[in-house]
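Below are structures written as structure tokens.
Below are two complexes that have subunit A in common, paired first with subunit B and then with subunit C.
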Partner chain A sequence: MKRSVSNALSLTVVTGIVLGVSLLLIVMVGSSIPSSLSSFIRGIVGSTYSIGEVLVRATPLMLAALGVSVGFRTGFINIGAEGQIYLGAIAITWLGMTFPSLPPVLMISLSLLVGFLAGGLWSVIPGILKAKFGLSEIINTIMLNYIAINLVGILVRTSLKDPSYPYPMSPMLPPSSYFPMLLLPTRLHAGFLLALICAILVYLLMFRTSTGFCMRAVGLNKRASVCSGISVRSHMVLSALLSGGLAGLAGVSEIAGLHHRLIEGISPSYGYLAIVVSLLGKNHPFWIILSSLGIAALQVGSMAMQRSSGVPTSIASIIMGLLVIMILARKQFFGCKEV
Partner chain B sequence: MNPVTLTLITTFLAATIRMATPIALAGLGETVSERAGISNIGVEAIMLSGAYFSFWAMFQTSSIALGLLAGIAGGVAASMIHAVLSIHHKADQTIAGLALNFLFLGLTSFLFLIQFGKTTTLPSIEIINRVKLPLLHRIPIIGPALFDQDPFVYLLFLCVILLLVLFYKTEWGVILKAVGENPRAADTAGIRVNMVRYGAACINGVLGGLGGAYLSTVKLGFFQENLTSGKGYIALVTVILGRRNPLGGPCSCVGHRFS
Partner chain C sequence: MAFLEMIDIDKAFFGKSANSKVNLHVDHGEIHALLGENGAGKTTLMNILYGIYQADSGSIVLDGVPIQIKSPKDAISHKIGMVHQHFTLVPTLTVSENITLGLKSPGYPFVKRKQVDEEIRSLSERYNLAVDPTALVSSLSVGQQQRVEIIKVLYREAQLLILDEPTAVLTPQEVESLFDILGRLRAEGHSVIIITHHIAEVLSLTDRITVLRGGEKVGDVKTRDTNEAELSQLMVGRKLNRMVRTRLPFTYESKGLVAEALQDAQGSVGPISLQVPPGRIVGIAGVDGNGQKAFAELLLGIRKIKEGSLTLDGKHLEHLGVKQRRALGFGYISDDRLLDSLVLDMDMQENLLLTRYRGQECNHHHFIDRKKLRELTEEAVEKYAIKSGSLEYPVRYLSGGNQQKLILARELAGNAKVVIACQPTRGLDVGSTEDVHKTLLELRRQGSSVILISSDLEEILDLSDSIAVMYRGAIVDVIEREGDVDLTYLGLLMAGSPARREA
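Moving on to the complex of A and B:
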């Protein structure tokens, strides 16, 4: 009882401080608070289009964050979701350009598989390095991000380039690879459903199967896992595969649902945001659905606020950073326990 | 060798050193911090903060000293947030560093837009000039690269030598290493672990802030959103490549910029 009270109190204080700082920032710009706030809220729930936009933003965040959470639960700190998203995007582009005449069902299922494998294998590299040689996966995943981002840069200028355009991008993929649209005037696509399904699957895997139990055990206490006969290495590599694979799916859904072609910068640091989303969601799939919607709403709303009241969008980045720092700090201030 | 190639090599070396300096400075700071057992992913944030605040102070006061001080203060502020979170609150260092990156990326561009966003011309400052060291800069090939540079490069040389001595010849180095490798043993031996860690984080902030200040006050003379664009992460790599050795880090920076 006492713990839940202090938990609620600390959350209120954190929310209060973050709200206060954001209001202060709005005042510093010189915009009026009511009009900024109303444009913020209208930008999120004002129309069908804006709601769709929030869901579109939430899709890659949710998928990548699910991946990050699987890694975190197993003690594999995956900072490389960004690179894995790019790898998934490369995979579907390659598939679409190499086999353009596949029927839609086969095309979409194959692209999901290839994207999952591409992202997964990209993350298995640091996974194996960590499991076998004990190298820091944090540094390795960050470095692989750079390789992946610049790999896309090379590919869209060379082998995957559209020869009829001077810009560095791939040709449009065949329509058979497109995800079906859900809510037509908006850009909402079936990738959102995919993300929800993945959340349920991740929940079932992590909390309802023995493999998931072993993975969580490895994350909580390696030594105890070894002593009770759980193979730390294989579970670490498995979690790296799943972690990268889910981020790869995020890349696939961005291409198949939104851009329909490979361009540079398809992921405006979704991979790093996904870590924040996963932390806010306590690494639990169902909370991640909520937190990804929250972060997406924050971003979409702050963009609307910039358009109508001139408050820079970087306010979203400030709020997120502050939120995470406050949440990390509140443990000590209020003595509450995190999961 | 004909004189043209010689000049080419010389300018190339000089450019390499210039490009490596900010990363090497930040990397040195991170080396100290990692030796004390705090791996700060937020080098990017420290550099950005240093770059913005030094630019801001120099723009307002047009004084180099104040600008550098502000840059150092900005860097220390950023690294102190991380230090308090990871030492006092025992938070996950990786996540704290990441949050720091988001916070300072947002904060610096927000402040920049508020203060300079209204004008269409790019606000710029006088960049810090080069200083030739007498005689030494006349050494062929490496002379101009090493001894005809801005003060930051000399500062970098100084820091490398200082840290080398500190790490391998003094008790401080042993203490730092002990705190990083076995905090419990260090605590038993009567070392105040947390104080050492705060000190290391402070040095990280100072050097990282200077590295950031180099970008805005020497290299570019202006500030823009996300000025560092991933240089902080490169600094992290050079620390690993240099095996947390004060000489190895900058060398790997130079190698990296060389390619």
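Moving on to the complex of A and C:
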């Protein structure tokens, strides 16, 4: 009883503060509140296209956040989703350029596989370093982000470069690698379904199977896991693999569903946003579906607000930063006990 | 006139008395021992003297003047210094930096380090405390670190030094040199209180001994007027024996658990040889920190076996991990249930699952049968009378007794063949303690090999068929329970006196 009351109260306070700060910022940049808000909301649900945009943006966030959540649940703090997304993107680009004549079914399933493995590799390295030598995965995953991002920079200028263009990007991949479109004329592609399926799979794995149970136990109490005969190392490494693999799929989905070629900056910090999404979604796959949609809507809406009312999109980042701090703080201030 | 008097000190924690009407009397230039078992209230009393706790009632008189000690700072200003059992040194700083930590040294804020080093050097020569002021603390041995702690106290001009279990971490040679130092301190007119449970040390070193038991003072004797037997009687001395069990005839169908010359890789236990036949409880008595937990972990496989053999009914276990040993029927009740046994943020069902997720019952092709798990949990709640609002509630919110019952339910499920119970009743109230004891006796009746590790001697005496005493990582003797046990002998063994049978 008391718990739910304090939860509701704290949520109201958080919403109130976030709303207040947003309105204040809108006034400060000299825009009118009603028109800004209406363009914000129209930007999200104003048309089929805008709804499609929200879902398109939610897709990589959801996939990467699912990955982050699997890591977090096992006590593997994966800050490297950004780099793992890039690795997935490199993998599908390499596959499409090397074997352009594969039939679509094979091409798509193989690209999912190599993308998963590439992202997974990028996360298993710090995973093994942590499990075996106790090195901080936080530092290592961040460092691998830099390596991955700059690796893409090198590749799109060298071996994966499109020779017919002067720009640093890969050639268009063969259409056999494209995800089916779901809702023309919007840009919504099958990657969104992939993300939903992954959410269900992650749920089943983490909450219905014994392996997932062991991973959660390792995340919550390593010592008790050891005493119960659960191998901390192998579950840690497995969690790292899945965590990076899911982020890798986000990279695959961005290329196969949206860009169809590798360019620099293919992920505008999706990997870091995914951490926010996972946190807001309490590291639970179903809540992550919601929180990824929410963050995507916030971003898409703020872009619309910038177009029509001149409110800079940075407001979205400010709100997100504020949200995370408040949600973390609310546990302390209101004594909310969440698992 | 007495240097220090503590009069009628009372202290209770959460309604449980830790010191009741304790008196302590220390003279000038005296080495005074505070002797007692774990939990007798020795450290509590000294923490009151040092200002870490406040007494509920009672008074402290120093040189005939009643004083108030509200914090260690007050204690230091009254020239009382304490060396804690766990040292409080900063490893990355030098000896002299550690010693002057928190003080305004000459030249502050630009400390004249050389001058300070000189002072420390002369201090260490005076008391024969050889240590280099410029050395990094991280490079020192434990014995040297202890010297630094003592110098730290002397540098603050302490007249009365309190040493909490000073020999617990030292090698025999280091102990000898510590005793030299303490003798030198006495010669210089300092008074020393040492907290200890080692009777032999007390006799060789001190002038006067105060014995505590169960938070009360049970003896105050001059060292030269007493002997080992009397002291151990005072320290352990309890009535024998509310026998709660009926003796069973033993029919050994199998050997049970047999350890031979078992040793761990770290060298903290062993070599240990012990047999635990089915249907018997072997009690491991001993003062805390003599390797009991390491022994338990060695048996379960949490710690790796380096040498020796461990067999269950003839089957070798040395190279099996925790998982495989548990599959053979090992159950483990840890002394640290919050860390070792429970995942506090999971609910009761998942905590039960912790050792059972592989079993046929709840695991169908890697998927967990939630319905079955729920049934099993309800059964456990019923059988062990666990009181909890909801099966879905994190076990963090269960009381200690209910948490322990949950652990029992899990660890003893499926007829455990070997049960290692490490301090199974620590921190439990009387009712829960009784439940745990009944459960252990029931296991014994069912033919499990039970190893009961406890620093509560009464518990060991009540439940065990034979008693093995651990001291410094080894089993010094195994006493078969036939009739009454010679408590004095047991106390001597626990205190590390050379093993010899009287009577």
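Operating definition for what follows: the second predicted complex is superposed on the first by the 339 of 339 C-alpha atoms of A that agree within 3 Å, B and C clash if a C-alpha of one lies under 4 Å from a C-alpha of the other, contacts with A are read in each partner's own complex, and residues count from 1 in each chain.
What we mean here is this: contacts are C-beta pairs under 8 Å (C-beta built on N, C-alpha and C of every residue); 3 or more make two chains touch, one makes a residue touch a chain.
Predicted model, so just to flag it, every value in this text is computed and none were measured.
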Would you sort A:329 into first (subunit B), second (subunit C), both or neither based on which partner it touches?
-> first
Between subunit B and subunit C, more extensive residue contact with subunit A | B
For A:200, is the partner it touches subunit B (first), subunit C (second), both, or none of the two (neither)?
-> neither
Go through the superposed model and pick first if A:138 touches only subunit B, second if only subunit C, both, or neither.
-> first
Considering only touches as defined above, state whether A:106 meets subunit B (first), subunit C (second), both or neither.
-> neither
Pick one for A:320: touches subunit B only (first), subunit C only (second), both, or neither.
-> first
Who does A:8 touch here: subunit B (first), subunit C (second), both, or neither?
-> neither
May I ask you to decide whether A:29 touches subunit B, subunit C, both, or neither, giving the answer as first, second, both or neither?
-> first
Contact set on subunit B toward subunit A in their complex = 39, 41, 81, 84-85, 88-92, 94-96, 98-107, 109-110, 113-114, 117, 225, 230, 233, 236-237, 240
Residues on subunit C engaged by subunit A in the complex (per definition of touch) = 300-302, 321-326, 332, 334, 339-346, 350, 353-355, 357-358, 363, 366-368, 370, 394
Mind pulling up the subunit A residues that touch subunit C in the complex?
-> 208-211, 213-214, 216-217, 220-221, 223-231, 339
As the complex stands, subunit A meets subunit B at residues 25, 28-29, 77, 79, 136, 138-139, 142-143, 146, 272, 275-276, 279, 312, 314-322, 324-325, 328-329, 331-332
